[in-house]
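Next up: the structures, one after another.
The same chain A turns up in both complexes below, where it pairs with chain B and then with chain C.
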Partner chain A sequence: MSAFAPWTTERAEAVVTQCASRPGPVLLTLQALQLEFGYVHPDAVPLVARSLNVSRAEVHGVLTYYHDLRTSPAPAHSVRICVAEACQSVGSRDLMHRAESELGVSVGERSSDTIDLEAVYCLGNCALGPAALVDGQLLGRLSPPQMSEVIAALRSETA
Partner chain B sequence: MITVYVPGDSAARSVGADTIATHLVAGAAARGHDVRLVRNGSRGMLWLEPFVEVDVNGTRFGYGPVTSDDVDSLLDAGILEGAHHPLAHGTVDQIEWLARQQRVTFARVGVIDPLSVADYEAHGGLAGLRRALTLADEDVVAEVLASGLRGRGGAGFPAGIKWRTVLEAQSDQKYVCCNADEGDSGTFADRMLMEGDPFTLLEGMTIAGLSVGATQGYVYLRSEYPDAITRLNEAITIARTEGWLGNDVLGSGRVFDVEVREGAGSYVCGEETAMLESLEGRRGMVRPKPPVPALQGLFGKPTVINNVLTLASVPMVLADGASAYQSLGTGRSRGTQVFQLAGNIARGGIVETAFGVSLSELVNDFGAGTRSGRPVRAVQVGGPLGAYLRADALDVAMDYEALADAGAMLGHGGIVVFDDTVDMAQQARFAMEFCAVESCGKCTPCRIGSRRGVEVIDRVIAGVDREANLMLLDDLCTLMTDGSLCAMGGLTPLPVRSALRQWPEDFGGNS
Partner chain C sequence: MTLLHEPDFGTPERDSDVTVELTVDGAAVSVPAGTSVMRAAAQAGLSVPRLCATDSLDPFGSCRLCLVEIDGRKGTPASCTTPVETGMVVHTQTQRLANLRRGVMELYISDHPLDCLTCPANGDCELQDMAGVVGLREVRYGFDGENHLDAPKDETNPYFTFDESKCIACSRCVRACEEVQGTFALTIAGRGFDSKVSPGGTSFFDSECVSCGACVQACPTATLQEKSVIDLGMPTRTVLTTCAYCGVGCSFKAELRGDELVRMVPFKDGGANEGHSCVKGRFAWGYATHRDRITEPMVRESIHDEWRVVGWEEAFEFAASRIKSIQAEYGTDAVGGITSSRCTNEEVFVVQKLVRAAFGNNNVDTCARVCHSPTGYGLKQTFGTSAGTQDFKSVEKTDVVLLIGANPTDAHPVFASRMKRRLREGAQLIVLDPRRIDLVRSPHIEAAFHLPLQPGSNVAVVNALAHTIVAEGLVDRAFVAERCEPSAYALWEKFILRPENSPEAVASIAGVAADDIRGAARLFAAAGNGAIYYGLGVTEHSQGSTMVMGMANLAMATGNIGRDGVGVNPLRGQNNVQGSCDMGSFPHELPGYRHVSDDVVRQQFEEVWGRTLQSEPGLRIPNMLEGALSGQFRALYVQGEDIAQSDPNTTHVKAALSAMDLVIVQDLFLNETSSFAHVFLPGTSFLEKDGTFTNAERRINRVRPVMSSRTGLSEWQVTSALANALGYPMHYDSASEIMDEIAELTPTFAGVSFAKLDEVGSVQWPCNEGHPDGTPIMHVDQFVRGLGNFVETPYVATDERTTRRFPLILTTGRILSQYNVGAQTRRTENIRWVDEDVLEMHEADAEPRGIADGSWVFLTSRVGETTLRCVITDRVPPGVVYTTFHFPVTGANVITTEYSDWATNCPEYKVTAVEIRTASQNHVARGGQLAAVDQDGVSIDDLLDGETLAIKEEFAHERADLKLARMLDQIVKNSVGLTPDDQVDRVALHLRGFWTPAMVDELAHAVSTGAVALSPPAAAALAQLASGAPSAAP
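Here is the complex of A and B:
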């Protein structure tokens, strides 16, 4: 039930063509590809380099620099927990521990049922922490029991 | 028809505002009331979110924090007529927490429908731009200079001086770049302004662009803020349709347009030269200065770079005149500052007030202490690169100079409160860890020093060779302070050293 298109060269070329005329196009092209496919396929590197007339090294450099860009297919779900100071002060460490034990993974890993658990640094919800972004939706004032419920809900969607 | 306000601000949405809005409209209809729902920005009283307002003959009554279980009882109590209820806070304008503030930059946030052209103009929108269009470009810049407005992104550089440099630079093309990367923990004012009153930012950017001779603006907006990205893009579309942006700004025949560029999850891209690299599509590596961006900025062209709050304050400066703005504040810190109360705080949110208010007033009076009810132990001011202050040292006045004297910095105005369960050694370790994760990698003291810093703090905490490792940590801090190209590596030692100095007992030392 992925919202993303399967990777094809034709489709990728169409995306790249749309971005090519914009100023400073490399990063925004990679972002557009990720929006379309959920990730940036390794074959995109030579394709983007050729279309935008830059070196492969340059494209690769940009692709690996930014935390947001990923080179493997998107997970079924993502849980991104804020671990920055304001959320730390109201228990984000406990929240992360709870998520790790529910998912059976450490932060930065993907669970067996393809839920990604990530740490992020501030979601702009610092007065209503601990905060998390679950499948792109911002949540606030989260407690560990609520985190368990959130993960259970994601699982029932996947099952 | 009765107008009901339920914030569409993402903080309000994060605690259930969408569900409340749906239930309220359905519940009102079931009781035979036809209501008009407005998704306003947040008033900034975040502990009261979701905060519902009902407009009764022009007076707005507030209720919060509302859960979906409360909706029926609120309607039954008669809130559509402004009736009392245990969650009632009376007339919103008279809530002391709000009434004590001086809302200038945030004057419209939470009050208006963020995308309503009529609301915007009815509440003073476009007055600044209209006045700017009657003045010579140099006079607009002179006005900004005279207002004393300083950059709200962190460095506090006078906006007018930057603008004048760009105005005087000769070039076929100039740019305005708005820094909306807002990466500091404890800050959310840029986000709330862009979600709650996006036209203000566009108006400020247009004034900047026209006065310095730039035709194109970019907003570099972090990807962690999807709602702000959507809202600002909607506002841009509307502004073009209205003729506020485009080839003939307000019929003046002058050109200015704005485009949103999304960040990609890098803290250091908030540093202005890294932001330029990222806008140009490259790795977000910091550039050495000079050349300053005002002379060689985006694509090598003269560029005004300002924070969201800086640019959003400009329309008010132009509308009411430099002296009105200048009359607020203290010393060389003029105007108002949008403080953000965050972390373990009972009443967190936006406090906009003239510079000079004390930190204690913000934390203890506005904030009412910790959310946990335990004693305050530490307060971090100015984001992850800012110092930690002790609970007994909060008398400091909140302005650029007084904070600098106290070894701290204002940064983007974020204030993060910790109660007495905080482990300051862990906070110091985190500062180094954050720097290691987010370093752009250009300079060794920052890239390697921060990783070494984490290891050394771990050894101190474990009690291994304590004295030797503390000395090593001190050397590392000095190296990072002196040998880093930007404030990422250069200021990370600030929170680390402030923690070490003031809470030695947390590092296994004697207090």
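Here is the complex of A and C:
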């Protein structure tokens, strides 16, 4: 489903230029780049710095602060399961175990068919836990069988 | 003294008219509103424990150690971020606070190496201090948890090490880089436990770091530590002194262990720098003990002989006997001297005294000739004194900065940091510079206008700015009416409104848009406080003096003189340019800028010095060189200046030096000039000197000896001994006695003495009965000359024109890590950043010539040629190329011509017509060594076509009388008069004040024989002088 544009300086410059006039533009620009390319290419750092007239170090600071920002190409799909207290209390550990066994990886790893499995701490969906974010889409009240279905659907999409 | 520990009040001083009274630990304190509780406590002598706070940085509130309790408030607020309030009752030491602080320290220490005894910061570590203060005795968490103890060190910077394992993530370094230096090269990368200080994800060396040392100074632990301290250990004593690089004149604590200099730390009480520094002053002092230092006198019969090491007495005798025999044979005026702006006021004063009293002539000049002589001339004509109007601190009140021909972030970095701070606070910036300097746009700084004007068009642009201001009714009428000469203003107003001064007319000359000129003029005129800062991009032009007057006109017309935040401010290149000029280094002026023809003044000097002094101006450096080639000038004493590298048209300079019978060089190292010397008198570095330097804000700073003289003598002792050998008795027991003589003879220095300076730190002249504490801001109630003088400043194009053969304009500048001809900085680790001069060139010029980025190019002007590497960049506009002059191998001044400022002969370094073509590295002329055939067997003549060679040949042999006629023509064109007669009077007055009688005679003779023809006003002015018409010194 995620068709990111391949990284090019020209395209990146266009994205950066669009963001330059927005307030607090460093984070917004990095997010826009990630939306465009699926990640923030290392070459984007000096480009963003120059465009927004901040230092490269400042861009690096923002880029490394937010775990959500990637610096390497995005996986085909991402599965993020909430492991904060509320979701844990309604079964998110089971959800995680199911996802790990389906994908054949541990949390924090990427499967052989490039699906990332990550733990996140609260998606703001506590009333509908356990929750997960799959390719950016929020899913609530998930059961382990549903998790298997979700992953199967991702795989069929990739294939 | 023992090691000086400056007090740290934790948070910066606040300025307020409102005073707040509170109680801290039972003590009543009153402080300005806005002060932090921490600072108020410190002022009451109570130290609140802290780690992330220091008084050079805004409060941050992250370390949680400075918590206090305040009656009537919940919790334990951080004292650094809590402002005082009236009636507050604060407790800084309670059991609750003690428990909290100890708990916090336990957390810090649980992730910190326990290697205090072997740590380089041992004895100078705030973490160690705080562990002691809170009584840390155990760490309940143990030391086995996850930690950062194995984090790698970054040792890439040549001067300091970053040891992450010792970092407590207090952000002081990050904030210092932002707030103090303004470079933003550091950040906290990551989050939570992974947070770490990072120079942007790369090594320190490859990062945006400019190695100013602010982070090292801010670091409370050994995380950022000078390598010299790691190698040598903690210093044990302090000597307060002054940096000897640029004209900012930063105060430093030289910290020593025994007699070994361990580190230089910027001094918080230093008026010029207030605790900040740059890479040169902070770290690049190793040259002082470099193995290349010459520490014994040397002589030789001829410049083709080997040097012979001799004793001091023999050297003095050798030099003196030669001077005496030259004067016996060729006359008193056949010898002269050049003073150095790198030396102290006291050293300079005795050299000019040697020339005037012992040589018996006024043939003394200074290296300021080639940098800021137009500043002296222009500001004296308009304001009445040859100096900048403000202190550096003044910029903190400026609303619009007009920066012209200066690159402060590279050449005056510590002042640049102050300026950038003000710009980040919202002040606007206008940049007039052909090149896009960093200040035009760099992190968090952006100029409102950058006018990338053509080199040589400064005066046209400043006139157009003034034209706009006058035409649009933006003149500060009240200021002009009250403070300036009405008649001069009326004339100037009429002049400036002429159509040729309009932005539209100037746009085509300067290559900038008329709208930008108008916009810039409106912005400057509308500023509450508008300040002009400028550098050698103003002075080193054929109209350098005119431009200085043009800026002074602009400042007066907008009412920007005489208070904080305004003014006309030269950024002086060298540590003591201001001082060397003050000390009477110019051939027409005695100390304190008094003309040699002033009988009253001269008589005072004659009484103290016991000799009759000449009343006519002596020779300037270019006159001396001309005189050497024509055989009249035979001997030169050069104090601390490498004229064979730094002065224009190197080939010409070397020929002149070769023609002299005696060249005496007093310097630290053998240099290009000493190749032509017969006597080498070893000099002392600033670390050995006892005296004073005067910086660009007229601040007289003490220079104190950090180590004993490597040569056994002070430089003023050497000069005195030479005077004595010449039969002129000169004796001082100490440098302080020389300052006493300066004070006795110079009204602006009357109140200055070493005792006074040692007491108050520094003073800005004038310092005398009227201004016992010195003068931070000049011309406050009235100008030194009474009423401000508007001077008409017609734009006159330089004689140096681009042609088909020489279609590009070369301009020059400096970089951060190197300094001038590089004699010092090339002998330090600073060469790790830059080790060659490169040529910057626009793609539009490079492409048609087939020049690729990074390739070698061959550069030729009418006077010389050299080879260097090319960088293709859009920093320079098409038609303009740029290089630096730090490395003798490049010999950039082989290229520059002798064209100079019409009023002062300051060389026109900033404009040279050149041509550039591809070359190989072996292609001819590296280092100005104009070998006829290079290593590839290619001769220069093969590279240059016949027509170019003919132009060069003609240029090289311009007749002396034609040169004088050309100079006179420039004076005429730059002097506007009310009437033709008035113009003639002005020209004659200038000649009388600045030309030697010999120059006038030579030109008059050439006119009488018909060898040269002059324009009517030029001829009339010359005739007026020859007829001995009324003389009045300007």
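We take it that the second predicted complex is superposed on the first by the 157 of 159 C-alpha atoms of A that agree within 3 Å, B and C clash if a C-alpha of one lies under 4 Å from a C-alpha of the other, contacts with A are read in each partner's own complex, and residues count from 1 in each chain.
Definition applied: a contact is a pair of C-beta atoms (placed from the backbone, for glycine too) under 8 Å apart; a residue touches a chain by one contact, two chains touch by 3 or more.
It should be emphasised that the depicted structure is a prediction, and the values quoted were computed from it without experimental measurement.
> Using the touch definition from the top, say if A:R56 reaches chain B (first), chain C (second), both or neither.
It touches chain C, and chain B stays clear.
> Examine A:V48 and indicate which partner it touches, taking first as chain B and second as chain C; both and neither are also allowed.
It touches nothing on chain B or chain C.
> Please indicate which partner A:S89 is in contact with in the superposed arrangement: first for chain B, second for chain C, both, or neither.
first
> Looking at the overlay, does A:I115 come into contact with chain B only (first), chain C only (second), both, or neither?
neither
> Is A:A99 contacted by the first partner chain B, the second partner chain C, both or neither?
A:A99 contacts neither chain B nor chain C.
> Of chain B and chain C, which one touches more of chain A's residues?
Of the two chains, more chain A residues are contacted by B.
> Where does A:Y65 make contact in the superposed view: on chain B (first), on chain C (second), on both, or on neither?
A:Y65 sits against chain B and chain C alike.
> Just to be sure I read the superposition right, which of the two partners does A:L154 touch: chain B = first, chain C = second, or both, or neither?
Touch status of A:L154: no partner.
> Look at A:L139 in the shared chain and tell me whether it touches chain B only, chain C only, both, or neither; answer first, second, both or neither.
So A:L139 only meets chain B here.
> Which residues form the common part of the chain A surface touched by chain B and by chain C?
58, 61, 65, 67
> What does chain A use to touch chain C in their complex?
Residues of chain A touching chain C: 45, 49, 53-61, 64-65, 67.
> Under the touch definition given earlier, write down the residues of chain A that touch chain B in their complex.
Within the complex, chain A contacts chain B at residues 23-29, 31, 58, 61-62, 65-69, 84-90, 120-129, 131, 133, 136, 138-141.
> Can you list the residues on chain B that touch chain A in the complex?
Residue list for chain B touching chain A: 10-11, 13-15, 46-47, 49, 182-188, 190-191, 223-227, 261-267, 278-284, 299, 340-345, 348-349, 371-372, 380, 384, 414, 416-419, 422, 427, 430, 434, 437-438.
> Across the complex, what residues on chain C touch chain A?
Against chain A, chain C makes touches at 183-191, 198-201, 207-208, 441-446.
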